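Below, chain A partners chain B and then partners chain C, in two separate complexes.
Let's look at the complex of A and B:
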């Protein structure tokens, strides 16, 4: 009873916050609702006993990804009218993605869940230990591959945005720290009425 | 009373037995800070209110409570009021998993350290929401600095925690302390201990890393627009976070409730007293650092986090795991 009640509570909150993410007038509010959505999905994970996945979701998505979203959205000067004017351009691709994800969910709920038996997982160890047992042994290749995919995405983003400008003045900390007074200051004898020459 | 309601009452009492001492020790920590700074700078510090000025912080709180709470007219009212509450809540819920003796803990979670890490990483929201909701330049700049700073230092804190976890083999905070019965992790992992204390200073926005509230350039940083008790909540949360990070340092590196050496006069002292003494020591280091070092510049702070701490901690994770693997000392 408690389990079912909490599930529906968090699931309702999750869907409500997702709707608010889409329909908020202010982009910053959207991101804050997204954070709430992440938080509710964390609760759902903890509810089914996957506390490790739940907390990791919270640390990665709420603690890092959403903060960077917030960071970027706060810096942007977004006008809602310009946002709304070209919203129709994205409808086909959004529908495509929604269709793919919906098909996956239907496939998983109808075909997969009837075949696999959830009770097959032994409850002798907590799920953190269970993940630890298989992550670097059974799923070693998959784990490393997903790491490489993320690395590629990161390098791609850096390459796309990084422009090398030869004129930019950079700070070289080691050079700065290794200078002494003699490199910067010199004592000059100034003759009266003549001044000094620049060099 | 039915068993369920009795259990709930006991639970609530237990929570109060953590929260009330934390809030009182916040007041005493503020007093201690002013006294320690005074002593270091050859001043007297607060000495008027109560014996030795010990009631000074309580007088300050009363003063804050009676002031008018100003709401900037162009601010986002809901978020403006919500941000200090969130900050204080986050600094208090972290205490749910901190074991102050071998048996005394509110919730002995299996993933206690992950919970603490998650809660401390949420802390940045209070700051960034406050900065944005104020709709003013200085708070916004303070919030941006703070967000960048907290994310940067969380990375090295994460690696330091991983190093400790490799030595323990459990995410449970009680297990972490119990595995230090023979030797505190501060000794074999000494560089990590130092990195953790410095990162804790940055994570709690303390000097020399208090750039989010750098008064010389940003007035008061993210709480420039705050007044009265909403300012008080930020203040309270900052000091509660300091105590929390000190407790975490004690749990991870200084053997929690264990005495330094397990010999007669030391091991009859209750564990909780050892725990409090160690927290006190770390807090004193926090205050000592404040009186000693000048504030870092923003680029120096980022360089320290990303170019020095991150490679250092990464190498230590690999070294520690290689060492434990080679000598077959890996737990379990």
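Let's look at the complex of A and C:
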């Protein structure tokens, strides 16, 4: 009873926050509701025993992606009145596409799905250990490739947003390394009372 | 243990997926909201993968959920970078104005 009650609590909250993400006028509110939605799905994952994915979801989505969204939303100066204008034009086509997808999935669910309904089975190993067993053996190549995907995304984001300013003086490492001490320092003999000439 | 079944989670992920698609078609003006709707759709896919993995007692679904998370993070980073560049060039993020490739 506890599990069913918690499920319905979190699921209702999740659906409500997702609706608020779409319909809020201010993009900052949308991002904060998105954080709440991810937090609720984390609770759901922990509820059914997928602790590792739940915590990873919280770390990646709330800690990285949502904060990235928040930074971008705060960085861009958007007039919020222009964003949601003539929203009524798109309601019919949005309802149409949502209805089509809903009908397709309900059709597939009713006519194509199997009736078997296995329950949660208690396991000998914990969740993280099970994931680690396959992630570094069976899915080793995929794991490395996802690292490469992240590297490419990082390089791509930096290259896209980087602004090259030619007026800024930069460090030139080749030039630094090729200088010798005689280019910079000159030893002179200073006679008393005369000083040196500046050249 | 419980009377929770896979159908509960499947219905939940279906509803979230539909909300994401609805928002994708609804917010034609705001590029940030479109990216957020894509995140919602990926979250629905994740819920489906993880709950199927738990109820079928097969760990591979959760591993794929981690890969989906990776791709979603990369996609968000690239999408927001494109958004920032676009805003810097045009001063707005209205996607109905993206028709510069026509010229």
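The rule is simple: the second predicted complex is superposed on the first by the 130 of 199 C-alpha atoms of A that agree within 3 Å, B and C clash if a C-alpha of one lies under 4 Å from a C-alpha of the other, contacts with A are read in each partner's own complex, and residues count from 1 in each chain.
The rule we apply is simple: contacts are C-beta pairs under 8 Å (C-beta built on N, C-alpha and C of every residue); 3 or more make two chains touch, one makes a residue touch a chain.
Keep in mind that this is a model prediction, so the values were computed, not measured.
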item: Which of chain B and chain C A:161 touches, first, second, both or neither; value: second
item: Which superposed partner A:131 touches (first chain B, second chain C, both, neither); value: second
item: Partner chain in contact with A:64 - chain B first, chain C second, else both or neither; value: both
item: Chain A residues touched by each partner, larger count belonging to chain B or chain C; value: C
item: Contacts of A:90 with chain B and chain C, given as first, second, both or neither; value: second
item: First (chain B), second (chain C), both or neither touched by A:148; value: neither
item: Which superposed partner A:56 touches (first chain B, second chain C, both, neither); value: both
item: Contacts of A:4 with chain B and chain C, given as first, second, both or neither; value: second
item: Set of chain A residues, in rising order, touched by both chain B and chain C; value: 52, 56, 64, 68, 75
item: Residues of chain A touching chain C in the complex; value: 2-4, 7, 11, 14-15, 18-19, 21-22, 27, 30-31, 34, 37-38, 41, 44-45, 48-50, 52-53, 56-57, 60-61, 64-65, 68-69, 72-73, 75-76, 78, 82-87, 90-91, 93-95, 97-98, 101-102, 105, 109, 117-123, 127, 130-131, 133-135, 139, 142, 146, 149-150, 152-154, 156-157, 160-161
item: Chain A contact footprint on chain C (complex, rising order); value: 1-10, 12, 14-30, 32-33, 35-37, 39-40, 43, 46-47, 50-51, 53-57, 59-60, 62-63, 65-67, 69-78, 80-85, 87, 92-94
item: Chain B-facing residues of chain A, complex; value: 28, 32, 35, 51-52, 55-56, 58-59, 62-64, 67-68, 70-71, 74-75, 126, 128, 171, 173
item: Chain A-touching residues of chain B, taken from the complex the two chains share; value: 79, 109-111, 114-115, 117-118, 121-122, 124-125, 128-129, 132, 140, 144, 147-148, 151, 154, 171, 299, 303
